[in-house]
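Common to both upcoming complexes is subunit A, partnered first by subunit B, then by subunit C.
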Partner chain A sequence: MKVFNKIIMTVMILMGFAIPSYAEKIVMEGSTTVLPIAQKAAEVYMQNNSSADISVRGGGSGVGIASLIDGTCDIADSSRPIKDTELDKAVTNGKSVKAHVIAMDGIAVVVNPANKVNALTKKQVKDIYTGKTSNWSQVGGDNQKIVIISRDTSSGTFEAFSTLVLDAQKVRPDAVMQASNQAIASTVARTPGGIGYVGLGFLSSSVKALEIDGVLPSKETVLNNKYPIGRPLFMYTNGAPQGLAKELIDFIKSPEGQKLVEEDGFVGLK
Partner chain B sequence: MRKSLAVFVLIGFIGTCLGIRPSYAGEVDILLQKLVDKGVLSAGEAQEIKTETQEQVKQEISEGKYSSLPAWVQNTKLKGDLRLRFQNLHEKNDNNISKDTTVGRIRMRLGLESKINDKIKAGIGIATGSGDPRSTNISFGGYNTKKGIYLDYAYAKYDPLPWLNLVGGKMLLSDVLWEPTDLIWDTDITPEGAVIGFNKILDPKTSVFMKAGPLVLVDDTSTTSGAMAYLVQPGINYAFNDKLSLKGALSYGYFQVKGSAASSYSNGQNTKIGTSYANNYSDISPALELTIKEPFKPLGLNVENLKFFGEYVNNLAVSNKNTGYSLGFQLGNEKIEKWGDWQFKYIYAMLEKDAVLDILPDSDRYKGKTGMRSHEGALSYGLGKNTYLGFDVYRSWNIVGTSRKAPETLVQVDWNMKF
Partner chain C sequence: MVRVKEKLYKWLFAILAFASLVFLVGIVIVLFKEALPIFKKVKVLEFLFGRFWYPTYDPPEFGIFPLILASVWVSVGAMLVCVPLGVGSALYLNEIASHRQKAILKPLVEILASIPSIVYGFFGMVVLAPFLQNLLHLPIGLCAFTASLILGIMATPTVCSIAEDALSYVPKSFREASFAVGANRWQTLVKVVIPAAGSGISTAIILGMSRAIGETMTVLMVAGGAAVIPKSFFDPVRPMTSAIAAEMGEAPMGSDHFHALFAIALILFLITFVFNVIAEAISRKYRIKLGLSG
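Entry: the complex of A and B
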């Protein structure tokens, strides 16, 4: 009997070793615009919470929401509100999708400080970027060719600008494409006829932000929806978030998390 | 306290306004702005409350749509499609004499899947046809005769665990196996039997799957005229990154048909003794599909997907004329859902006469025969929501024997409607 007990004890001890240490794991998936926020927040959160395992991937808002509905991710990152068709699918799959606004995406249209144009309408910006307007004199400026500076098409800022201003029409083919907000600002700063667009966090005295439809871009005008080139950014969960998903969203909405949001050029809610 | 009360009242007000009359949204904005101006809320909090509440109301409205329907309707999904086809077949026989056959055809399929409980689903489908296991088409003609409707599938699915499922009955092919092309199995086949399926996500990049089960080919298994098939297919999905993924599987199928009378729908050139199959089919088949999302984005071209795929098959039960393969690519949208969506597919296929059982391959490729090689080019173009045009061209040749190649060209023009 003693031998039997020893065998049982040995097996139990070995099983104990075989059980891996507990680590809560969640998957975030979706919008490439929200991706930098999600990545940075996950990185900082995991540094402070070693038991947390947060996997972050892009793919686009639609992909993230589809994964949330299918149950293959815990948090769907989205740069747009959920569509009615997606909600219908969620409901038929027994899911109750909950939205969390984590930041605002506000984009400033900038020109060289020497440019005498101070304001444009959203339509004028669209006409400039799609090639319909090619000289500053057509919008109240000097007789000078407009040099279009744009973000590369894979960036979230480009996607936001394309959706909010261009109505998904193509940018003029001779546009100077840049890989970052800083590169746009510095190119506009040294190009007299240049026009570009940057996240609000990247405004500086080296460029001049234009009024759009009569409103200057600022944190306040983006948050109160008066500035027309802005939109909320979302994280969606299935029902009220629990465990690590809740802790992470709470962290992103906290002052510390919102500071990270603003470091990436987005507009924080705090 | 004052702030909490304000937020509570506001959420109720917004919900009521949005639920009853969306035009109140502007008034809600004014109210929120006043609370911001008075310092009760920050601009960020106002934005958060407004947007999250709007989203919550949308969710509740969506749930309300369903709560007024009977439970059985909420648990049942109905789907179907209708296809109108013009088809021309140009063929040359062994004496090099040409023949053209032009037909008009229709295909109608109607199916439903109902959730019996949280773990069990049942599906039933009917379709036009003539009983041919590889086709649900029916040709115009016969002086306006009424056309036949057949049971296309009837299955039960049991999901005891998130990664495990059991399917039994007359099943959809996608529940039985995965294939990148229809080299071995025509996609219209609905196999009969039972299949156990595993699907496990290992990490965000990797998932594995396996399907296995017995299938009934001829019902009487107590005599030599009965015939069974046994399938097993392990596979893997791997995402290298957001843009590049690979799906692969290795299938083994054992079709125990030696001595069994050949199917009346056999069009092929399998070796037979009299009217019975001379061999079993012990097919091992690796298959791969590489998907590249937005492959031409760096060039400024907006193409959703590019796929390369291929399959190989070897019948281990015989040693001669026992292999086949297909290679191809697909370019365009993943699905044709709206106006302007498009997809182009090309497949080259070759099947030797005893590579696979001759009642399985695509029925349009050289009339579904084995012992052939074929090029296929297919273009689909979206005409609007849930409707699209299809152009499919096959150019095929006989590869059995040393005599004529008996080439044929099949052209199909389809108008598809899904509902």
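Entry: the complex of A and C
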């Protein structure tokens, strides 16, 4: 029993040492699209720097920016540029908001490799997903029913696709919903009439990426804004970031951080 | 000393026995507490019979009728598979199989029950769905039919082993009496044994059904997930369980969507609760009928 007590004491003392007397603490809040990047970056950063204490919350781009203006978070994650109304509010609150682009979001529209169609316009993709177009022959393919495959409506990829392509109109209700980028790719690969969309990081030879408005999706075309289904992802800070916030943003922009970004299916900046 | 010990054990086991009651009550309270706020925003009838499930749009639509129908279709389909299979194999095991056959077959059926549902889901997604898609020329293999088949196979061991138990509870005297008045084996089975075990078999079927309706992982993987009122068995569907599993991770805590998912869980709980109560009532009646216990 005594030995056991000793072990417990030792462990507790060691734990006491492990908790640093001084820990810098920052809060990140905002877009659920940026959330996986923020979460992973925070985890890796905290592993390497035990004195850092980073808490990451979702909530949505608007929530994050509002918190930044109210001063309840240090970094606001956002999948859209800040709005003028939000900027005005920031100024009245005495905040000067600074934007940092940390990654690009690029979404490829994919079909089965056996499909004759190689290119669609953004309008055609929208019509397919909202239900105006339901047969491949209407867009230059074989006479075959279009099987629409979509991400679950709560996912960040869906949200981006919905904003950039569908103008927030509803996907037809009989669309097949899949829980991950990989599930979409493998379903499209097995479904001759299928159409789906995946983050650029999930393209493979088992599916065919379509040209959209004449541009094939690639890292280059997303980064130079030629490809129409892409957008920058932001982190906003109040003024130039300092201390831990600066180090974290620098970490995300570093080659190591950008590797994490690409692992999540986003497009790295370099 | 011995007396104290005895008392101690008595209390200990009483606490353990009541622990499950505590869990049940806790879960029910949480379900109600988290589910009820949605009904301030959406009327109960609109929620239950609304035709569109668009929880993340602005304005959102919280109609779970397609999800309820999907669960019902898939479960009914599963019943069509597991009742003949399960009851049939129970009859074979109890009435026809030799001791050696039974010694091999019964454990095998039970192993079927121990396969994790994700393995069934994976099998359905990778093997069965593409196979059915090619065989029946479907636009997509992930549909209610595929989900029904897989769920039916999954529920078979439940149905089989409970039905087999029910058959084995039929007193030997029943059979002997039947043979004594000159009935053959088939007549004895159909006219005496099955009616005597009837309520036990019904219990087996109902429990199999509640297993099918509550199954999540498999339907998430093979049912296709389209929140639309199914027109045929070959349409992709989105049963209630898969809607919860797919969306709970992303629904912001405390949002309408979050509460709506809890409300789906509550309805699912009420459905399986009713099933279990019916099963319990039937099996109690059957025990009394056979004079096995009070």
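Convention: the second predicted complex is superposed on the first by the 250 of 270 C-alpha atoms of A that agree within 3 Å, B and C clash if a C-alpha of one lies under 4 Å from a C-alpha of the other, contacts with A are read in each partner's own complex, and residues count from 1 in each chain.
Keep this in mind: contacts are C-beta pairs under 8 Å (C-beta built on N, C-alpha and C of every residue); 3 or more make two chains touch, one makes a residue touch a chain.
Note that the structure is predicted; figures quoted are calculated from it, not measured.
*Asks:* Return fit or clash for subunit B versus subunit C, each positioned on subunit A through the superposition.
*Replies:* With subunit A aligned, subunit B runs into subunit C, so clash.
*Asks:* Using the touch definition from the top, say if A:D174 reaches subunit B (first), subunit C (second), both or neither.
*Replies:* Only subunit C is touched by A:D174; subunit B is not.
*Asks:* Which partner does A:K270 reach: the first (subunit B), the second (subunit C), both, or neither?
*Replies:* first
*Asks:* With both complexes overlaid on chain A, does A:A99 touch subunit B (first), subunit C (second), both or neither?
*Replies:* first
*Asks:* Looking at A:T72 after the superposition, I want to know if it touches subunit B, subunit C, both of them or none. Which is it: first, second, both, neither?
*Replies:* A:T72: touches subunit B, not subunit C.
*Asks:* Based on the superposed arrangement, let me know which partner A:V198 touches: subunit B (first), subunit C (second), both, or neither?
*Replies:* Neither partner.
*Asks:* Would you check which partner chain A:A38 touches, where first means subunit B only, second means subunit C only, and both and neither mean what they say?
*Replies:* A:A38 sits against neither subunit B nor subunit C.
*Asks:* Touch test for A:L120: subunit B only (first), subunit C only (second), both, or neither?
*Replies:* Neither subunit B nor subunit C is touched by A:L120.
*Asks:* Between subunit B and subunit C, pick out the one touching the greater number of residues of subunit A.
*Replies:* For subunit A, the partner with the higher number of touched residues is B.
*Asks:* Which partner does A:L223 reach: the first (subunit B), the second (subunit C), both, or neither?
*Replies:* A:L223 sits against subunit B, while subunit C stays out of touch.
*Asks:* Of the partners subunit B and subunit C, which touch A:A52 in the superposed model: first, second, both, neither?
*Replies:* So A:A52 meets neither subunit B nor subunit C here.
*Asks:* Considering 77-85, 203-211, 221-229 or 293-301, which region of subunit B has C-alpha atoms that clash with subunit C after the structures are aligned on chain A?
*Replies:* 293-301
*Asks:* Please identify the positions on subunit A that touch both subunit B and subunit C, taking each partner from its own complex.
*Replies:* Shared contact residues on subunit A (touching subunit B in one complex, subunit C in the other): 58-59, 153-154, 173.
*Asks:* Where on subunit A does subunit C make contact in their complex?
*Replies:* Touching subunit C from subunit A are residues 32, 58-60, 145, 147, 152-155, 158-159, 168, 170, 173-179, 187, 190-191, 193-194.
*Asks:* Write out the stretch or stretches of subunit B touching subunit A in their complex.
*Replies:* Checking each residue of subunit B against subunit A gives 29, 33, 36, 42-48, 51-52, 54-56, 58-59, 62-63, 65-66, 74, 77, 162, 201, 203-204, 242, 297, 300.
*Asks:* What part of subunit C is in contact with subunit A in the complex they form?
*Replies:* 52-58, 66, 129-130, 133, 139-142, 220, 224-228, 235-236, 238, 246-247, 249-252, 257
*Asks:* Where on subunit A is subunit B touching in the complex?
*Replies:* On the subunit A side, the touching residues are 27, 55, 57-59, 71-72, 81-82, 84, 87-88, 90-92, 96-101, 104, 153-154, 173, 219-220, 223-225, 232, 234, 268-270.
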